[in-house]
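Think of it as A, B, C and D in the order they're written, each chain with its own count starting at 1.
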């Protein structure tokens, strides 16, 4: 019944090691079927090289397992909050990819410094506030999602224009129109994170020109976009 | 009619992922046939692993498509300005290769710090000025080319002796006698960019001796060059 | 008689080059059979690509060769001290993996800066004191083990909660419940060492929240752990 | 007549791209046959992936071609000076490997910071003085060799105990008992160069304990060495 959804989520998960975004099992991808009210997500702690398509777990929006014999990713509750808050998104990915995680550990927004960033992200990539002790002690993974959503709301950032976040002291989450698109954004996030690290070390005060950022974002994503084949 | 040109441009484009210069579709190579007044260039937004030789687009020097069913690279207008201004060049390449892009984002010339640089580039590699708001809002890609040409003219730098540039806030362009040579220079640019980052971090004031720079450039490119097989 | 032990140790040693933790022969893995009172360990100075399972050396807890025609790793005495002091551990690994060795050379503890660290290590990873001249001139490899043990005891750090150490001026050792688990921890150590280098360069005073460290360690290793499949 | 020598030099040259020490043709390895008074060396500017064993060039100690149809490496004169000055060495290698070249460009000795360094190099790796304008304008490659030799003599460094050098503004040379051993040392040089870069960035004043340096060098290379199989 969920075989196509599982297949897409399985394939998207396998892209994480292919793009060098994960060590061991440190990442997970999900995709939602909004009509059926379920997501498919990677099982928790299963190695990518032995994982099979039928290991994908189908979970409803309350986190209850609908189909599957394994436990879903321990980060499932974070994915679910994002799907519930952002109706436009279809896929979510979490990794500990090196450079993005470095910015998350440093607790600093990933600054927009060039057109590589602007081609995908409209402005800085927010780093969330720290979770409170109560938020950590309580429903930690759900609260991680809520803190992400709070950050975007508080800053008035459109999650579709900035499809990634870094969680302070933790690591990045990315999203997109489906699982594959979310992984695509996670790859971009890692590359621009690495570039930003060295750029700031060369020139600590530099920022992208706002007009250049607008131009590159709009030529790919605006109403009159002319990048690619349409 | 343009099958050999397309084949060369196709092969040169495939070298970009081979040498690790591109993520996804972030790069494009072209070559000019000056007799026929056309260039062949990568189509916009097509992934390297599915791209076929017949996807290459033939464009005239006004940017009109002469042959091909796909849109040419969105950076085509930049390539065309370079070909029109520099009659000696036969190939152009644009990438967002990591280390060169870092210097572009920092807005700092890539300094000549050693013989690796001097073997290919006669002096620092210029970073252009920022484009004005009007230049961005107008014919952005064409203006990018014009700003590159302005920078070389203003500094009295010979584009054949320094076959690369970094565009402020954006990324590098390289060129050469044909598409393959342009890609070769793009690979060198990335390597010397990475070396320069760490060299300056170890010794912030260092520069290459001008005599050593001359010697290495001339032993490869001068009238009495003796590097390689001749 | 020791064929299964040898096979496991052989396989664990081969993971070192697979994970990029060693150059040439710069690493060794051992595993203990506590019932038989022996360890199997890599032979000294043998290249990984020609090493055979029967090259593994069986050594008793005094360092005497029980089975095998080659010399055991020159670091055998360090492994033996760790096995004798820590009855819970079953495997030990030593490498000169780049980022962990950098921290060892700098003589600085690897700070806990994020959840990637906290998922495996409960707090900072100690850097030992320097060995004294007498300790170096005497039974150097045995004394290396004793200095590690002294450091953990002095700091009241549980070696099972922090299954790695860096030896000042030298390189890391990791351990685990068996050889494979020790290598797993060595891979994690290298990744978090690399992340910590850049994190501290971005934000020199940053530390992980203690509550976040607790949470991540406990959700994987605590009594109510819920990460993975159980 | 020189087929075995050529074969060894060919194989040693191919290790340069295998170990990631070269981009394009930026490296060359030679080995000497002291009885016959010749060296075999890589031809100049020939790509590694098309190079054949018979492309190796046999040159006498005056630099005259004895056998071979191609030009020898443009760095041949540097190799020859090293062979003439150091009768114990049998192989020489030159690369522009990234991290060692960074130290050369910065004009700073590669400091001994840990046992990885001490296992192969007894003390800091010298950076030569800059060549004078006359030395550059004259027999540049020969003078490069002479400046290396001057540096070791002036500092009273034994070239067999420190089998590498970095030439200011240029790049490293390594040597060893034969071509293969020289390449081995070049690989080590690159790794310790990378480690030293980040170590100094973490702790700018750190040095290895002299006693630890002695111990590690002697346990591999001293009269009572006990590393490896003997």
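Rule of thumb we're sticking to: contacts are C-beta pairs under 8 Å (C-beta built on N, C-alpha and C of every residue); 3 or more make two chains touch, one makes a residue touch a chain.
The structure presented is a predicted model; accordingly, all values stated were derived computationally and were not measured.
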In terms of residue numbering, is the interface formed by chain A and chain C classified as same (over half shared) or different (under half shared)?
-> different
With centres defined as the mean of Cα atoms, the chain at greatest distance from chain A is chain D
What whole-number Å value describes the gap between the mean CA coordinates of chain B and chain C?
-> 46
What is the distance, in whole Å, between the centres of chain A and chain B, each centre taken as the mean of its C-alpha atoms?
-> 33
Multi-chain contact residues (two or more partners), chain D = 201
Could you run through all the chain pairs that touch each other?
-> A-B, A-C, B-D, C-D
Mind listing the chain D positions that touch chain B in their complex?
-> 23-24, 26, 43-46, 70-71, 74, 96, 98-99, 101-108, 130-131, 133, 136-137, 140, 169-171, 197, 200-201
Residues of chain B touching chain D in their complex?
-> 113-116, 184, 187-188, 191, 194-196, 198-199, 201-203, 206, 208-209, 211-212, 214-215, 219, 226-230
